[in-house]
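By written order: A, B and C. Residues from 1 in each chain.
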Amino acid sequence: MSHLCIDKVVVRFGGIVALDGVSFEVPEGEIVGLIGPNGAGKTTLFNCLSRLYQVHGGDITYNGRSILSLPPHRMTEIGIGRTFQNLALFHNMTVRDNILAGGHPASRGGFIGNALRLPGSRREERRLHEKADRLMEELDLTAVANEGVGELPFGTRKRLEIARALMSDPKLLLLDEPAGGLNHDEVDELAERIHGLRDERALTVLLVEHHMGLVMRVSDRVVVLSFGRKLAEGTPDEIRQHPEVIEAYLGKAG
Amino acid sequence: MTHLLEVNDLHAYYGPTHVLSGIHFSLNKGGITTILGANGAGKTTTLRALCGMVTTKGQISLDGRRIDGSACEEIVRMGVAHVPEGRGTFAALTTEENLKLGAVTRRDKHGVTQDLEHMYSLFPRLKERRKQQAGTLSGGEQQMLAVARALMLRPNLLLLDEPSFGLAPLIVAELFEILGRINREDGVSMLLVEQNAELALDLASHAYLLETGKVVLSGSAEEIQEHDQVRRTYLGY
Amino acid sequence: MDLFLQLVLSGLATGCIYACLALAVVTIHTTSGQVNFAQGEMAMFSAYIAWSLIDLGLPYWLAFILTLAVSFLGAAMIQIFLLRPMAQASILSHVIVFLGLFTIFNSTAGWIWSFTIKPFPSPFPEGSVMGLIGFHELGVLGVVLVLLAAVYAFLNFTPVGLAMRAAAENPTSARLVGIRVGRMLALGWGLAAVMGAAAGMMIAPVVYLEPNMMAGILLYGFAAAVVGGIDSPAGAVAGGILVGVIENLAGAYLPFIGNELKLSTALLVIVIVLLVKPSGLFGRTAVNRV
């Protein structure tokens, strides 16, 4: 099950109100696009969902339970995974190790088991490695498995972020600008990948993006934020023609 | 027309990794040239090589003067501004301090103050956030800051590494309009790397296609736009 | 109550000297990521230069200013000719170089001026204000505060100060806006030496001039820097003053501490602060967003 409900969420930074009573839902199995002008509060909302920011008002529930009392490291356990706009990878580690790091919270060996290298934990380790290998296969990362992340082109790092997020088997995946720095072909590929994730892994996706081609193509529904408030919500077609959205965000070209 | 920038047999290395293997290209004075290429082709490395941020071999001349081997800061002082990949924000400093740093080598105090106001009028969002620590700006706000900071140098040559990165569609359109205007009115030459190939080819007069560290195609923007492979991979029609 | 006030005030004065040294350590650390163990010995050397100038018959304040200038240039030279060529070397190599500088300054001072203790003049009159604080201490307070204000203004209100902060935070981006990062490092060394020199000249009348005079004081300076947050100039100053006052009060009020254990008290303060707030009192945690 996966049902996210954002209810009148307020976040302030000093005098700046980054989120001003935002409400919307992300039902199971849907791909919801979240768009809006720069500084509208999209990443701030993601940071609330992964409990990095304190919420000053309203509530966020996942499967009916408020997540606001949970610590950040519990978010992967309850099934919420994410990628980061500014890429939060371990630069001095290889691609494989970065992906393995994403699997850590779900591994069952336990600290003592690991330290003593008990058979159970070794089996667990093998399982994690196999899973990482599969994910690298799936995201075309096998060729760079042993390369340091600092040396990879940007687009590859973005794929790596997705692979790492998938390591913890999330039910809800938050993607913050996954298409940044990708060319047309690569965006096409990404679009297919996002659909694939939903269909094969039964994922629910919340997608922040400025690449309208991608958002309009993959989203079932689109939510528009502007100055910390919800400006509009609807199907991609409705949003494309929404006069206020055109005015505030898309411009004539949109 | 004379060439502002001429690059001959340029190689670039990250330690032992050989990334550019002998590229040639040139940029007309007052012109805009764009470099297309897939993920990892070496576009960013090319821009870095031009302003001395990576080890290079080969010749780079700016306005007839050899600049290969010069230190990055000295090349910048010759009027080359760079909007780097990853934005290069001074995270602990304020938005305004970041902008002032763009003009830190300029001596015309009055002009700098004027340009600061001009940047604020181009990007009103930055004005609202002028006293904010730049590291806390949103991704797109930091991108605007990176572009504005580069413009504060009043460059002769502007190196743009994906200037539209993370910007909302409306702002992207505005940005390209601004770039076009600056090119026409102030005669600033530009070398543009941009994933949105349609916009890039619209703005530029010349284009190069880079594949794994080699130039595989070059010509006027119109010619490149008509090229089959470019159409399929970068334009999608 | 009078005793308490007296202790606090004289603690403030010594605290200001620690603050100077702490600020010197912090300046070099933020610009280059290195910890200069020789900072104290350089300060001692500066004090000797001042002594020589005064000995030649120069008026105190002229000698003071000249010493600051010479220290600035000398330290900048050290950065340019010694540290710049080894910029790529490992941390351990740097540690060795700093230890080398430490012994060179120490033994050169002993060689030139001998290891015997010398008195050092104070520019301030004898006596005290209502028995609460000595004129020398008051003077120290004044001189240090003026110096700190000047450094603060330089860093925050001048283009070069801004460039220096930029170079310290992000050298790659600094180069991309045309800042000559190498010069900023030399400037940082120069500034640090100026602060160290002032601390040396202000403390010399109290501890007397001798090649090992700064050993204990540098430890307090480090303590102050760490307590305040190793990358925070404001923290270094606050840390210095705090350490100075605590040391004085603890020495007087906790009989088992006395003079012998004063230094340990300062170190205990460091440990406690670090346990509660690992980045120091004013230390920033990284501001980069995800």
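Definition applied: a contact is a pair of C-beta atoms (placed from the backbone, for glycine too) under 8 Å apart; a residue touches a chain by one contact, two chains touch by 3 or more.
Just so you know, these numbers come straight off a predicted model, no measurement behind them.
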Query raised in the report: Which chain is in the middle, if each chain's centre is the mean of its C-alpha atoms?
Result: B
Query raised in the report: Which one of the chains is farthest from chain A, going by Cα centres?
Result: C
Query raised in the report: When the centre of a chain is set as the mean of its C-alpha atoms, what distance in Å lies between chain A and chain C?
Result: 48
Query raised in the report: Where the CA atoms of chain A average out and where those of chain B average out, how many Å apart are those spots?
Result: 29
Query raised in the report: For chain B and chain C, what's the span in angstrom between their mean Cα positions?
Result: 43
Query raised in the report: Listing for chain A: what residues touch at least two other chains?
Result: 43, 85-86
Query raised in the report: Could you say which residues in chain B touch two or more other chains, in rising order?
Result: 136-138
Report summary line: Multi-partner residues in chain C (2 or more other chains touched) are 288-289
Query - chain C residues touching chain B - in the complex, by the definition given at the top - result: 159, 162-163, 165-166, 169-170, 172-181, 284, 286-289
Query raised in the report: chain B touches which residues of chain A in the complex?
Result: 13, 16, 36-39, 43, 85-86, 151-156, 177, 180-186, 188, 210, 212, 248-254
Query - For the chain B and chain A complex, residues of the former touching the latter - result: 14, 17, 36, 38-40, 44, 85, 125, 129, 132, 136-141, 143-144, 162, 165-174, 195, 197, 232-236
Report summary line: In the complex, chain B touches chain C at residues 51, 53, 71-73, 76-77, 82, 84, 88-93, 97, 100-102, 104-105, 133, 135-138, 149, 153
